[in-house]
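Chain nomenclature is as follows: A, B, C and D, assigned in order of appearance, with residue numbering initiated at 1 for each chain independently.
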Amino acid sequence: MEKIKGLIDAPFTPFYPNKEVNYEIIPEYASLLARNGLKGVFINGSSGEGYMLDEDERMKLAEAWVKAVPKDFKVIVHVGSTCVRSSKRMAEHAQAIGAWGIGAMAPPFPKVNRVEELVKYCEEIACGAPNLPFYFYHIPAFNGAFLSMYDFLKAVDGRIPNFAGIKYTFESLYEYNRCRRYADGKFDMLHGQDETILPCLAMGGAQGGIGGTTNYNGRCLTGIQTAWEAGDLEKARELQNYAQDVIDVICHFRGNIVGGKRIMKLIGYDLGPNRTPFQNMTDEEEARMKQELEAIDFFNHCNK
Amino acid sequence: MEKIKGLIDAPFTPFYPNKEVNYEIIPEYASLLARNGLKGVFINGSSGEGYMLDEDERMKLAEAWVKAVPKDFKVIVHVGSTCVRSSKRMAEHAQAIGAWGIGAMAPPFPKVNRVEELVKYCEEIACGAPNLPFYFYHIPAFNGAFLSMYDFLKAVDGRIPNFAGIKYTFESLYEYNRCRRYADGKFDMLHGQDETILPCLAMGGAQGGIGGTTNYNGRCLTGIQTAWEAGDLEKARELQNYAQDVIDVICHFRGNIVGGKRIMKLIGYDLGPNRTPFQNMTDEEEARMKQELEAIDFFNHCNK
Amino acid sequence: MEKIKGLIDAPFTPFYPNKEVNYEIIPEYASLLARNGLKGVFINGSSGEGYMLDEDERMKLAEAWVKAVPKDFKVIVHVGSTCVRSSKRMAEHAQAIGAWGIGAMAPPFPKVNRVEELVKYCEEIACGAPNLPFYFYHIPAFNGAFLSMYDFLKAVDGRIPNFAGIKYTFESLYEYNRCRRYADGKFDMLHGQDETILPCLAMGGAQGGIGGTTNYNGRCLTGIQTAWEAGDLEKARELQNYAQDVIDVICHFRGNIVGGKRIMKLIGYDLGPNRTPFQNMTDEEEARMKQELEAIDFFNHCNK
Amino acid sequence: MEKIKGLIDAPFTPFYPNKEVNYEIIPEYASLLARNGLKGVFINGSSGEGYMLDEDERMKLAEAWVKAVPKDFKVIVHVGSTCVRSSKRMAEHAQAIGAWGIGAMAPPFPKVNRVEELVKYCEEIACGAPNLPFYFYHIPAFNGAFLSMYDFLKAVDGRIPNFAGIKYTFESLYEYNRCRRYADGKFDMLHGQDETILPCLAMGGAQGGIGGTTNYNGRCLTGIQTAWEAGDLEKARELQNYAQDVIDVICHFRGNIVGGKRIMKLIGYDLGPNRTPFQNMTDEEEARMKQELEAIDFFNHCNK
């Protein structure tokens, strides 16, 4: 199965001020991402507030993205939900409209405590799109599924034909590397934390990854891999350090979904508010964030 | 606002073997519950696998229950979901079809960490059914919303006009009692753990409650309050102890949603399997559970 | 084995301003407790900052308490530590000086994850004082030992000859009751949360208990059981509610060890500061706490 | 202040079969470590079961190590305990006997929740050995002190004169790097997870580190840095992968303290059992572990 090379972006879902989905802005958004070196999008995931959307909105967003992206720009549709039948329908739909791949995280409810439960969940969804690669999205901090991914790979191997790999959004580079080495690298281990691309590359991983701060800091993040491959370690470190500086800022403003989405507005792409229960930033918070970003000269670094 | 008196049942959602919803069995199910002393149902909640159903199924189930129940038997519809717009639609629907009340738990994703987020979430949903009492369903073990319910009441008070109270499914009888005493008992604190009805009654609470093991052990559980009110402490203790014995058994079989649902089959009401990712009981497990129930003479105690 | 009847107090360890142990004040402190209806003390536990003392100080404190208490006033010495050899020595010492009993909580390091580890730990300590009853002190919020106490009783039964029971400081009245009913009430289940004495009594438990707020609210707390036994439910509820009001206050000031210890000063028994890493209350905090206590008329209720 | 270069080992504490400390074997043990490229030892820490020893044993162990090590081989004494006065005495002793440095982890009881509490704790200990560098040992998985180390550095800076840096045993390479970059690299950030030395080196860190599996896999682990500095990325990866393979094995046998200590016996250095509450490996488990190690050809790799 093809392995992803380079960085995929996890876009925010654009809303109008009344919190209805803004499909209009997507072509422009897609252009920005392609221009900055991203290789595709992983839509309706955590950055995209996928769980806050209904099934119909999620399908329409998938259609909008598939239609908007340039040639060879991958659209991976996150179809995970707490209702596996709904997820399967979204998987079928993704395949029908020509998406490149699908993905699903573990459901946050009920909390998944056994590898077998997770395999079953993925199996029922993945079979809805048998021609597309299926990625499991591991983000246990969000859904409590602190399971061994190595044991999960063993359980999945040979059982889900279109299982492609894992979007690994967790701190353990040790487990990441064990999974990467599983069966001589059989599965595609997409690195999922923008703050550690360089160390992961050094270990042999991070050939492909999915980013969240790539929405507004894409050239910096894609540049890490370029510099590493060119043997320019100093440049790679400088870029990785700068990526961390930007992440520091959003951590002061409730993270990427809230703070990061607001950065988009500051660079000219107003993607609107977050849906409830996210607590939107106040104007005062926005002003403070802008100052913090100016202090690291962000607006001359980021790429619009 | 009217306070609930007596026990409300949280029914399981009946499925056919293929996991499609079995609406047919609901009238018979409702009769069983009314016969055993229950005062109503809280549908599409955790016992009812509400999060595993899609919006359409949840609405149809609400209609089926409203149609099936005897006069004065309350139907409270759990409308919580991760998509607040969908929840609001279900609230509107509940009011339109003549449900008695609505409820919502905190969303499991994103994990709610601030009281203000939770108030906002409840507010947007509750306003969909302004004529119905709205209950917040506090079950932090399932969704991670370990917030102070006392602070929540203070924040909600005067802000959500149809806020009625809390279904309190948590171990802290201390916090429960503080909430019960808030503003001289302004809000309805429904007790939500079948294992501690008697101690809660002693403290002045548990006038109303919502049960999960009431599906198959209703007379025992409703009997606790009757005995207590009749001043028969020994009887109340005996019944509470027995209720705990039954709960011990289901704890050996993945709890009420999995184990409890299977007990229904053993007493003649086959409600089918659980949906993924729940791991259904094997026949061997069912046989073992039957033995454990026989050892406490359950089949002569429960009421069919 | 004798079962404890009534409430035992968990005293604070008195320090001089320089944080050296103040042994002088103990006779006066013991008189206060006896006067307020307490039946004994559980020393060097969590309220007593036992883990912040060295082995020598703990032994001297045990000697001071044994010497100070009136006849038939029980002294139970908490001897738990992370060094099981040190704990055993303290157990031997407790027996040698004529203490009534000993106790130990699970060590916080390493976190105990298996019942067998806990049994072994208790066994090695208990055998140091074979003539004294040994109580396991269950307070998982403090040491992470979230193990099934029912399974622990099964494992301990018949293996530790002087095992007497559990000081149960956890919210689950369900588990408490299961343990209480184990082997027809073989073990002594000391109730360990002042906020739920009444509900526990109703269920058949709390015949004996160990309190932390009994240091400054002893008559109220011992009164709950008296009222209950006299059949005066209203009085019992009133006292339990009041006990919760007092606990509300200390919860605003870092709990009993910090806030509660400072109340002692306010009622005329200055027990000094807490040891590091506890953060002592500022004068401003003390003033605010005093106000909150006055608002519930505490200084006319408590008993000096 | 001098920064540590290379790897320091965290030795196990040798016991006789009766669990008394075996001081005799220490010279031989020290030789092994020096021979394998280690630059020093961090004694009485988690691998060394420091919390399971009493103060006297800990001091004698410090003396034995200081006496046993070759010239320029650093002895850092972990003096952390729940009793800060005892810790301070051990700090004074370490300085008096000529140790190179001291360290302390956050106490596991009470759980430290505020940066200020932790600073105070370190301050009271560090001032016992004013002439020695003091390292904070960050291992929150063991003591629950999940505090921001960046905020801790800010709070400590300028307040504890002999504060040298952090032994960082946590997964977040992002936080590690932020700390490393704090005030232009003012503090010494010792890397503390053997499984991620290479990725950390790539990011600019891990110039110094403290290892636990270095006891029996020292040449492999010290080789990672050598290969990296020689520009031999392939070799560095191969060694890091192998280090992870060895760690995989101990993870099957209750980790380094239990499983790793038993490996020492298998390579000819019998360091005896673990103290309670650790559950010692059975002979059957030892045999299985031996097989797993043979399967990765460990006994020809490790260095005796």
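What we mean here is this: contacts are C-beta pairs under 8 Å (C-beta built on N, C-alpha and C of every residue); 3 or more make two chains touch, one makes a residue touch a chain.
Because the structure is predicted, anything quoted here is derived from the model rather than measured.
Asks: Interface overlap for chain A and chain B, more than half of numbers shared or less than half: same or different?
Replies: Here the answer is same, because the shared fraction of interface numbers exceeds one half.
Asks: Out of C-D and B-C, which chain pair has the most contact pairs?
Replies: When B-C is set beside C-D, the one with more contacts is C-D.
Asks: Cα centroid separation between chain B and chain D, in whole Å?
Replies: One centre to the other, that is 50 Å.
Asks: Using Cα averages as centroids, what's the distance between chain B and chain C in whole Å?
Replies: Using C-alpha averages as centres, the distance is 36 Å.
Asks: Chain contact graph: line, ring, star, complete or other?
Replies: Topology of the interface graph: a ring, with each chain touching two neighbours.
Asks: Contact residues on chain C for chain B in the complex?
Replies: 171-174, 177-178, 181, 193, 195-196, 198-204, 233, 237, 240-241, 244, 247-248
Asks: Residue numbers of chain B touching chain A in their complex, please.
Replies: 19, 51-55, 82-86, 106-112, 114, 116-118, 120-121, 124, 142-144, 257, 275-279
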